[in-house]
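Each of the two complexes below includes chain A, the first together with chain B, the second together with chain C.
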Partner chain A sequence: MSDKPKFAMYWAASCGGCEISVLNIGEKILDVDANFDIAFWPVAMDAKYHDVEALEDGAILLTLWNGGIRTDENEHLAHLLRRKSKILVAFGSCATEGCVPGLANLSPVSEIFDVAFHTVSTDNPNNIHPVASFEVPEGTLTLPTLRPVLKTLAQVVDVDYYMPGCPPEPHQIAAVIDLVIQVLQGKAQLPPKGSYIGCGASTVCDECPRERNVKHITAFKRIQDVAPLDPNLCILEQGVPCNGPATRSGCNSRCPRVGAQCIGCYGPAEGVLDYGARLITAFASVVDAKEPAEIDAILDGIPDPTGQFYRFNLADSLLRASTKAWKR
Partner chain B sequence: MSEKFEPVIVGFTCNWCSYRAADAAGTARIKYEPNVRLIRLMCSGRLDPTFVMKALAGGADGVLITGCHPGDCHYIEQNYKALRRFMLLRRTLKGFGVEPERIKLVWASAAEGMKLAHEIDAFVDEVRKLGPLNWPKWENESNPAEVLEVTA
Partner chain C sequence: MSDKPEKPRVGVYVCHCGSNISGVVDVEGVRDWAQEHLAKDGVVISRDYKFMCSSLGQELIEKDIKELGLERVVVAACSPHLHEKTFRTASERAGLNPYLTELVSIREQVSWVHTDKAVATEKSKSLVAGTVERVVYNTALEKLKVPINPNTLVVGGGIAGIQAALEIANGGFHVYLVEREPSIGGHMAQFDKTFPTLDCSACILTPRMVEAGYHPNITLLTWSEVMSVSGYVGNFNVTIKKKARFVNEELCTGCGICVEKCPQQVVDEIYEAGIGHRKVVYTPFAQAVPKYPVIDAPNCTFFKNGKCKACEKFCPTNAIDFAQQDEYLNVEVGNIILATGYDLFDARRVTNYGYGRLPDVFTSLEFERMCNASGPTNGEITLRDGKTKPKTVGVIHCVGSRDKNFNNYCSSICCMQSLKFAHLVKERTGADVYEFYIDMRTPMKSYDEFYQRVLDEGTLFVRGKVAEVTNAARAEHEKGKLIIQVEDTLIGKQRRIPVDMVVLSIGMEPRADSKQTGQLFGISCSADGWYLERHPKLDPVSTMTEGVFIAGCASGPKDIPASVSQGAAAAARVLDKILQKEVELEPIRASVNEAKCSGCRICNNLCPFNAISFIDDLAITRINPALCQGCGTCVAACPAGAINGTGFSNEQIFAQIDGILTLAPARSAGVGL
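And now, the complex of A and B:
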């Protein structure tokens, strides 16, 4: 073992896209290797949980945690890595705000299992269903169990920094890695604890080059039904639900620049307490109707408002989950 | 439940109309259900849906939003914005399993103390019938083993 500072990266309830994004920093990954010892990174190398348990508390300098906390295993690892890490970063949308796995907070666990094992998308002729523990001649086999709802990392353990994005943009990751290396060399200081790093504080609209005017929405449409989309005009103004007004900047308005609406992957902008509520405010304000029947007809253009407004942020919203997920 | 359920209701009022309607109801000694906790805003257009989310997450069983009649807004047309936000908010809350009837919008001018009192009574009654919402505080969740049992 060298005396380089230790680095760890872990995935909990996530898709693996965050790991890909880390690899997308290109040759900068060599700087990570030059400056850090990889102590634990299940995607990149083999290590066991007991290897981490054997480390002294605080032995890992930097842990990038991606994924939400869905199972008891996720929760155990969150506590373990918190204990072993000096700096714990909630890395990516799942860890900071739940992201798409957090949308399962709209359903009870039974429904999640049903969809996963017993619906048309699954080939399961023998009706196999996982159980938490199973007896075999060699002993008892166990599987992690699901919590009633998915939680964000900060809802489970103390988090030092948040790095939003689904996934975080590679240039932002590279900048954060550069910063940490400079801190190691005494050339820079860490931002205050609790900061959002690798992103801006404003909104996606602020970085969007499209022209914006006073909006009068008479119909909400799906993007494929607006043909052709004006390449220079605000997407929301053209009636396509674009989540830019509430979403944190940092991606350089990547999607609107290429003609796709912002879906909100960088989470709430600075100071926004409830992302969806902020979007309700923004969208409802620009609906051009005063009569309830007319308003209803326009709002019908957003068939799934809960999904539209909380696609990434449900687990970190004020309500966190649907009654279906928690009401007994 | 043998005891009568008393819902907790947060009510948002507009400085120029419904707050004065509540005031008028008080001056005229009109009685209405004490379940509603009124909060004064400058305008129903100030009502950020975040306030409603926070009220529900914090233990409210219902939220009452009140404002000036359409066309009467002190700030020209902010009450129309309130109406649209209310309608979109109710649709969104449905996805969270919150019955739309737990959120109510009432127009009441400064002279309509009687009307506001009646509307409050009717709303309290309606929420009482829906029962408690009891949004969790997320501290003590059930044992995961129990949860898995539900699925087996």
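And now, the complex of A and C:
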């Protein structure tokens, strides 16, 4: 091992997209290799948990943690890497706000297993159901067990920085890596602890080139039902529920630029405590109707409010989970 | 959430409010609990007092601020509507910024709505804890001062509006008096006599109308309506539509030849209540102010067929102008008085009383017009045929009022108006009069004496709610009569009383467009539709919107003396504002964090006070702090959290919720996330 600072990246309850996004920074990845010693990065190299445990506390300079805390194994690793890392970054939407895996917080674990193993969509002729431990002649086999709800990294351990996005945009990752390298070389300062990095402080609309007017929504429609979508006009004004007004800037409004509504992967804007609640009041404010029946008809255009308003941030919202899930 | 600031020193003061609070809340218990359990949140002193709002109570707080160095004050007493100002002023006297003092309502929100002392005490503790945690995040605020425009807009030219306009104009300030009918005068101009003195309504009203019409400080805008209002106390901008009269006011002398020569006659649904006629070019009544007639375009032969023009041909001054267009005036005023009056209950809705089906059932307003010497019958009381005099008349009280099917409230004037009718019938026809009443309500000056007088005149009183008015006779003596079926509750018997004529004393209702008018001026209505006073007892002519006042029946049924008093009272409030020359605005305002605003424009259409504007060049939204009333609509709607409501920051709200939940069962049991 060299005397370069150590770098780690770990994936908990996540899809792997964050890892791909890191690789998408292209040649910049060579800068990582040039400046860091990779101590632990399961997706890129083989390493064992006991190798990490063997390190001194604080031995790793920078850990990018992606994924939510869903299992006891995730939780163990979170505590371990927190102890071993000087700087722990919640990397990507799952780690910062729970993301899509967090939507499972609406259901108790038993229901999650039922859906995964025992519904018509699953081919499970022997009706196999996973158990946490199983006796075989060679000894006891164990599997990680699910916690009642998924938690964000900060709900489990102390987090130094947050990097939103599902996944974070490569240009933002590259910029953050550049910054850390500059700090190592004494050319820059780290931002205050708890900051959101690799993103903007405003919302997607700030980076969106579409024309915006005073809004009067008379119907919410699915994007494929608006034909043709005006390429220059605000998508929300065209009746497609675009989450851009509430979503943190930083992606350069990638989706609206190519004619797709923002679905909110960069999470809430700076200082907003409940993304979904903000967006619900915002949409409700521009519904142009007075009669209750008319209003209901317009709102029926959003058939899945949880998916629309809490797709990425349910686990970090004010409610966090359904009562059913909390009670197991 | 940001880190909590250094714990400021908080004083908690719990009021007994005599026994108003202490009867249901263990005030000493709340005091001791706050001292013990909220010390961690900065509470250094917790006291109780019989009447915190008394001078001695206030002095207690002032002394503590000075001697204990309090930096925040929490008073648990009545609603902030009542005494927030009292305690904030007391704090200010002691050198503490008034916005660092908060009131917790443990009277309206606790003692008046609970009976269980233990529960009420726990709730009081929770509310106190919430406010203590919140007040930590309060910041010192300064009031905004803006100059007041000395002009006033009075909407509605009935007696309340006329009174208000005259008071202000006589005080030396300009008034725009807007009336949507062709003449001022309102309902009072339709009446014959006024109770209880029986003086002639027109005789006492018209001098006021004339005074208002010729007053140098009054711009009279009849046949006009307010279209839009923007701005705020001291600086309203109002657009008024002056509907085309088709008569040039500069040239018209009010000679009346056009009216005389007009060949077209229509039923006058408004002034004559549908029982008389008027010409298509008309003034509603002889003493109308202003004297200029209007042409009722939808009914005018010229406007319909392009022919006639009789009025134009005969007008000696060429004042008829068929090409006249609606005119829009923009006026700047500092204060607004709404004296928009009332509508009458539609008697057709009580189908069992037969109005509209049985010809000789009249409404009270029709009867007023019939009694009026200048009315359609020249003051003769007759049946619908216009000649037969009734021998027996039944007057039914509370039609549409005090009735769960229609309006729950008492219209307050119907008893006296019905008694007046009894007197007029007696005086003019000698007929027998029956009054059908639920309760007699004659509480004002000389009212009960008038009731006694009508009793002495031989009017017959039947206590009971009339079930039905019918012409289906069951006996010979009922034939050709209207039969009033009623339970006489004083003798406990059903009665059928045949009469020739029935008068329905119909109640008052809010104007059909009162909600829209309220929205226009930014004030709210009660569930019944009457405008809401700032305080029903202590501030009856103010509204929750600064600079907008109400007078007369706009806020509920009233008789003439009460309407006049309210007009004068509203004028006094306006004069008070004008004479202050500038107005202090509460600093509770919304503001945009421009770095966070993305210019999404979600909020742009939401402000009820038109305080929001979009700055195209910068693609951001701004809020005019003088226009903002601090309602918080935009703060809630901003999806980026870029709008901050002073006094209602996230920190304050969540700290308050946290405090309120201190005693929640889940918290105490250690259950949490």
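Note that in this section the second predicted complex is superposed on the first by the 326 of 328 C-alpha atoms of A that agree within 3 Å, B and C clash if a C-alpha of one lies under 4 Å from a C-alpha of the other, contacts with A are read in each partner's own complex, and residues count from 1 in each chain.
As a working rule, a residue touches a chain if its C-beta (ideal position, glycine included) is under 8 Å from a C-beta of that chain, and two chains touch if they have at least 3 such contacts.
Bear in mind that the values here come from a model prediction, so they are computed numbers and not experimental data.
By the touch criterion stated above, A:P108 is placed in contact with chain B alone, chain C being left untouched. Of the two partners, chain B and chain C, it is B that touches more residues of chain A. Look at A:R320: by the touch rule set out above, it reaches both chain B and chain C. When both complexes are overlaid on chain A, the residue A:G239 reaches neither chain B nor chain C. In the superposition on chain A, A:S285 makes contact with both chain B and chain C.
Shared-chain residue A:G276: touches chain B; no touch with chain C. In the superposed model, A:G267 lies in contact with neither chain B nor chain C.
Counting contacts as defined above, chain A residues 155, 273, 278, 281, 284-285, 320 meet chain B in one complex and chain C in the other. Across the interface of their complex, chain C is touched by residues 155, 201-206, 212-216, 234, 236, 244-246, 249, 268-273, 278-279, 281-282, 284-286, 320 of chain A.
The touching residues of chain C, when paired with chain A in their complex, are 1, 595-606, 614, 619, 633, 636-642, 650, 654, 673. Looking at the complex, you find that chain B touches chain A at residues 48-50, 52-54, 56-57, 70, 77, 80-81, 83-85, 87-89, 91-92, 94-98, 135-136, 138, 141-142, 144-145, 147-148, 150-152.
Chain contact summary for the complex, chain A toward chain B: residues 71-72, 106, 108-110, 113-114, 129, 131-132, 145-149, 151, 155, 273-274, 276-278, 280-281, 283-285, 287, 289-290, 292, 295-296, 299, 302, 304-307, 309-310, 317-324, 326-328.
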